[in-house]
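Here is the structure we will look at.
We just call them A, B and C in the order they show up, numbering each chain from 1.
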Amino acid sequence: MAIERRTLLRGMSAVPAAAGISALSGLESAAAEDVPPGFPKPTRHLQLYAVELPDYDGEPRLGYGHDPDTASYPGPTIEMLEGESIAITLHNEIPKATLEKLRTDKNIPLGVSIHPHGVRYKQSSDGTLHSGSWVAPGEKRTYIWYARPPARRKGIAGTAGYWWYHDHVVGTMHGTAGVNGGLFGALIVRRRNDPLPRHTYVTAMGDAMTLNLRRYPDTDTYDPKNPKRTNTSIFAKKGERIEFVNISLGSELHTWHLHGHSWADNRTGVIDDVPWADDIPIIDNKTIGPGDSFGFQLLAGEMSGPGHWMLHCHLQTHSDQGMSTFFHVHKKNGDAPPGEWPPEHGHGGM
Amino acid sequence: MAIERRTLLRGMSAVPAAAGISALSGLESAAAEDVPPGFPKPTRHLQLYAVELPDYDGEPRLGYGHDPDTASYPGPTIEMLEGESIAITLHNEIPKATLEKLRTDKNIPLGVSIHPHGVRYKQSSDGTLHSGSWVAPGEKRTYIWYARPPARRKGIAGTAGYWWYHDHVVGTMHGTAGVNGGLFGALIVRRRNDPLPRHTYVTAMGDAMTLNLRRYPDTDTYDPKNPKRTNTSIFAKKGERIEFVNISLGSELHTWHLHGHSWADNRTGVIDDVPWADDIPIIDNKTIGPGDSFGFQLLAGEMSGPGHWMLHCHLQTHSDQGMSTFFHVHKKNGDAPPGEWPPEHGHGGM
Amino acid sequence: MAIERRTLLRGMSAVPAAAGISALSGLESAAAEDVPPGFPKPTRHLQLYAVELPDYDGEPRLGYGHDPDTASYPGPTIEMLEGESIAITLHNEIPKATLEKLRTDKNIPLGVSIHPHGVRYKQSSDGTLHSGSWVAPGEKRTYIWYARPPARRKGIAGTAGYWWYHDHVVGTMHGTAGVNGGLFGALIVRRRNDPLPRHTYVTAMGDAMTLNLRRYPDTDTYDPKNPKRTNTSIFAKKGERIEFVNISLGSELHTWHLHGHSWADNRTGVIDDVPWADDIPIIDNKTIGPGDSFGFQLLAGEMSGPGHWMLHCHLQTHSDQGMSTFFHVHKKNGDAPPGEWPPEHGHGGM
C-alpha cells in the first residue's frame, strides 16, 4: 500500500533526503548558546541568503536561497519533523540601495528577516522590527524554530502542517515589499507516520494576477520531451504521490483549483480507514486569504489519467489574466500525456 | 427518526426520483464505446442543452436545460451516487453570433462546454479548449463523469459532496462569459446512507450583487397563497428536511448567511451520534470564494418556527444592493407564516 | 491539568462570574409571558442600551452597553451555556436625529435592533425590519434567545461556538450603518465541560483598515507598567488560558493572524487526547469574510515565552494601514516582557 510503504522514516536523517536540504553542519556556537529554555537542541543548521534577483515586468524581485546563487522565489522549501528544532542563519546580501528604494517611510530601518508560520520561536526569532530580530545589509543573524509536538493533555495541537516563512521588515513594518517581491518559501512540518510524497510543488498566489509571482505563460516552462523540476514546471507520472503546498500572499482573495483531482479538507488531504472520514469535506477548490497556506497529497491522475490538468485561481478575472498553470501528468512509463503541447489556442488570457 | 427513515435507497432508481432528473434512456453507442478504463459503465445518459435566454438588466443570459425549453440559470441540479458513472450529451444551441459577441479575443474558438467539480473524468471530458473537449455551435458531445467511491486504503476520500458544473470556454479560456452568463448548475454526489432531503434549493452568489444572477426583489418570487418551487422561490413546511447547495462564481468574495438556522461545518451539515461531533464547528455564515461550493441539510424552522427568514450575503454592500432573498417557512399544516407579505417596508436595498 | 480543572461549573451561576455579566434579575412579566413553545424558561434577563458615542476620525460611532454609561464598541460579550435561554431587553437611546442622518433611504424607519448569530429565536426576536422586531427611539423591546443543545438523533449540531450579535436596521435594511458604526458584540455559547479561559478578548475586523473600529496605534493602549483590560489592551501572564473571539464585519476580506502561537481549526481551538485529533488542521492565520466569527483558546506564550506578539490582518495593505495590534505576554510573575515599549521604530503604518 502506497501510503504505509512510504511513511516517514523514524530517524531525522529522513528529512534532508526528502527535502533536498543540503546544509547539515554542526551548530555555530552563537546558535548553540542561544537554544531557548524548553526547546530541544537544534538537529540541523541551515544557511539562508536574501538577495536581489532580476526584475519581472518592471517589478523588483528578491529571493532566498541556501546559497546566493540558487536564490529563487519561492525560496527553498524547508521540512521539519514534529519534535525537531532547527537553526537558520540568515545573511542579508540585498544591496542597501535596493532596500532604500523599497521602503515607504524613512523611519523604517534597512533590513531583512525571516518570520515563520506555525512553529514556535522566541521574540528574538520573530523576524519583526520592534523585537529587533532583523538583519542589516551585509550582516547575519541566527533564528531558532521549534516544531512543538502535540501536548494532548494540555489541549495543544502540535505543529504538523503546511506553513510558510517570509520577510517581515522590507518596505514596511509588515514586510510588504519583501513578501510581494519574493522573500517567502514553504515550510512543511510532518508528523511521524505521515505519508511522504515523491515530489512536492509549491504554488503561491499573489497580487497582480501572479502565481509564484509570474503570469501565464511564464508560470509554465514545461517541455514534454524534457521535463525539469523548477518553480515553473509541475509534472508527475501517473500514480506518483505528489504534494502541493499552496500559499496566499499580498492583499487579495484567491481560490486554489485543480482539474481532474480532489482531496480531503483535513490536515493532510488524505484519509485513513477511520469512521470519522465520513465527516470530512472533500474539495477541489479552496478559498485562501493572504497569510493562509495549506497543502495536500494526491496520486497523480488517479482515475482521471494522464493529461494537461489546469491549476488556476478560480476568480475569473485572475485566471483570465494569467493566474494559471498546468499539472502535467505523464503516462506511467514516463511518456508525455496525449495532445499537442503547447496547445494551438494557447491557454487563455487576453 | 427523520434521518434514518429517509436515507438513500439502495438502488440507483432512488436518484432520479429524488433529483427530478427526467432522462433515463439507454446509452448512445458513442458514449458506451468511450467508457474509459477504470470507470464503471454509465447507468444513466442525460441530455443537456446550452441555449440563449432573455437579457437581465441589459446583461446577456445563457442557460443549460434537459431540453431547450426548460433551460434556466442555475441549470438543472444533477445528482449522483458514489460509485456511479453517468454520460451527459451536451448540445450547443447558442447562436454563433451570441458567442461571437461574448468572446474577448478572436483567437478563442466559438463553443460551449461542461466542466464538473469533484467527479473524476478523463481529459476528453474536461470541458477545456486545450483538451479539445468543447462543442461548436449546432454540434454535440458526450462527457462521462465518475463519482469515484472512497479508496480508504489508498487514502482517497471519494466524491460525496455538494459540487457544481459550468462552462469553461465561452468568452475566455476560463469560460468567464459562460459562467457569469448562467451556464452553471449544482452537482450533488451522495454517499450510501446519506440522508435524503424533501427539497433541494440552489443558491449561486455571483458578481454585480447577484443571487442566482438576479437582484432583490427578483431573487424572491414567493407568493404565500400559491408558493411554487422555482429558481427564485424558496420555502418549506416547518420540520421538513431541506437541502441548500450554495455556489460562488465570478470574481468576488461572498459569505452565505441564513437567519434562524445553523448547521455543522462538515460534509453534510448534519451530525451523527458520534464522539467527534464535539469537534465539528457549528456555523450560520460561511465564506465562499469563486469556485467554492458547499451544501447542508436542515429541518426547516427547527426551534425557530415558521417565518420569513432572510438568506443573504453578509457583505453589507452586497446585501444592501440586492444579494438577498428569503427562506419562507410555513406552518406544519401548510399555512403561510405570520406577518403580511410582501412586508410594508420592502426588504431593503437602495 | 489546566483544562480539566477549569471546566465549566455545572450551575448557571458560573456563567456570569466568567463573563462579567452584571444583570441577573427576575424576568420582566412581558418576557416571561412571551417564552416561545419549545424554549425553556429564561434563566437570566439582561439589559442592553444602544447609545451614540464620540466620533472616530470623523466617522459616527454607536455602542451597546449593559447600562448607557458603559456602552462601547465592541459591546459587552454575552456568554451562554447550551440548553440555556436568556431574555434581553434592548433600550434605544440613540438620538432620533442621529438615526436620521445615518439612514440611506427615507423609507427605512428609525430604529435599532439586536440580531444574534448561532442561537435559536422566533421571528419576533429576529431583529429585522420586515418582522417588526426593532425598537423605535426612546422605546424598548425584549428578545429571547435559546442556545439549543445538540439533538444528535435528529442530526442537529447544537449551538456551542463563538458567535456575535449586531444591529440589523440602522441605516439600511441590513443595518449597515449600525454594524459599521459599532453596534455589535461577541456571543459565546459553551458546551458543558468546555474549558473556561482566564480572560477573553474580542477582536473585530472591519472596513477602513480597522480593528475594533480603530486603527493602530489606537488599537493598542497597553501600558507595561499598569496594564488594564480594555477593548484596546490585550495582555496575559505566560501560561494563562486566554480566549480570543474574532469577528469580521463590513464588506471586506480579512485574515486573522497571531505571532508566536497556533491553534486547532476545530470548534474550540484545543484538542483532546482522541484519535481524530490527527485529522484536524493546525493554523495561525484564518480567512474571515463579513459575518464570520470564530474563536479559540491558547496558553499565553506556551513555548514561545513572554513577548510583544503581533496580532494583525495578514492583507499587507490592511496591516500597513493600521489593522494591527499586540498580544502582550508578561512573565509568569507578572513582570512586563523584555524590550522597550513602545518600541523605538513604532509599529508600522506609513
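One rule holds for everything that comes next: a residue touches a chain if its C-beta (ideal position, glycine included) is under 8 Å from a C-beta of that chain, and two chains touch if they have at least 3 such contacts.
This one's a predicted model, so the numbers in the text were calculated from it and none came from an experiment.
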Angle of the C-alpha superposing rotation, chain A to chain C, to the nearest 5 degrees: 120
Same or different contact residues where chain B meets its copy chain A, judged by the half mark: different
Geometric centre distance via CA averages, chain B-chain A, whole Å: 34
Per-residue overlap in chain B, given as positions that touch at least 2 other chains: 253, 271, 276, 280, 287-288
In the complex with chain A, residue positions of chain B that touch it: 36-39, 104-105, 107-109, 115, 117-118, 120-123, 126, 128-132, 146, 148, 150, 152-161, 163, 172-176, 179-180, 191, 249-253, 266-268, 271, 274, 276, 280, 287-294
Partner chain B, residues of chain A touching it in the complex: 1-3, 195, 253-255, 257, 259-260, 262-264, 270-273, 275-288, 297, 299, 302-310, 312, 314-320, 324, 337-339, 343, 345-350
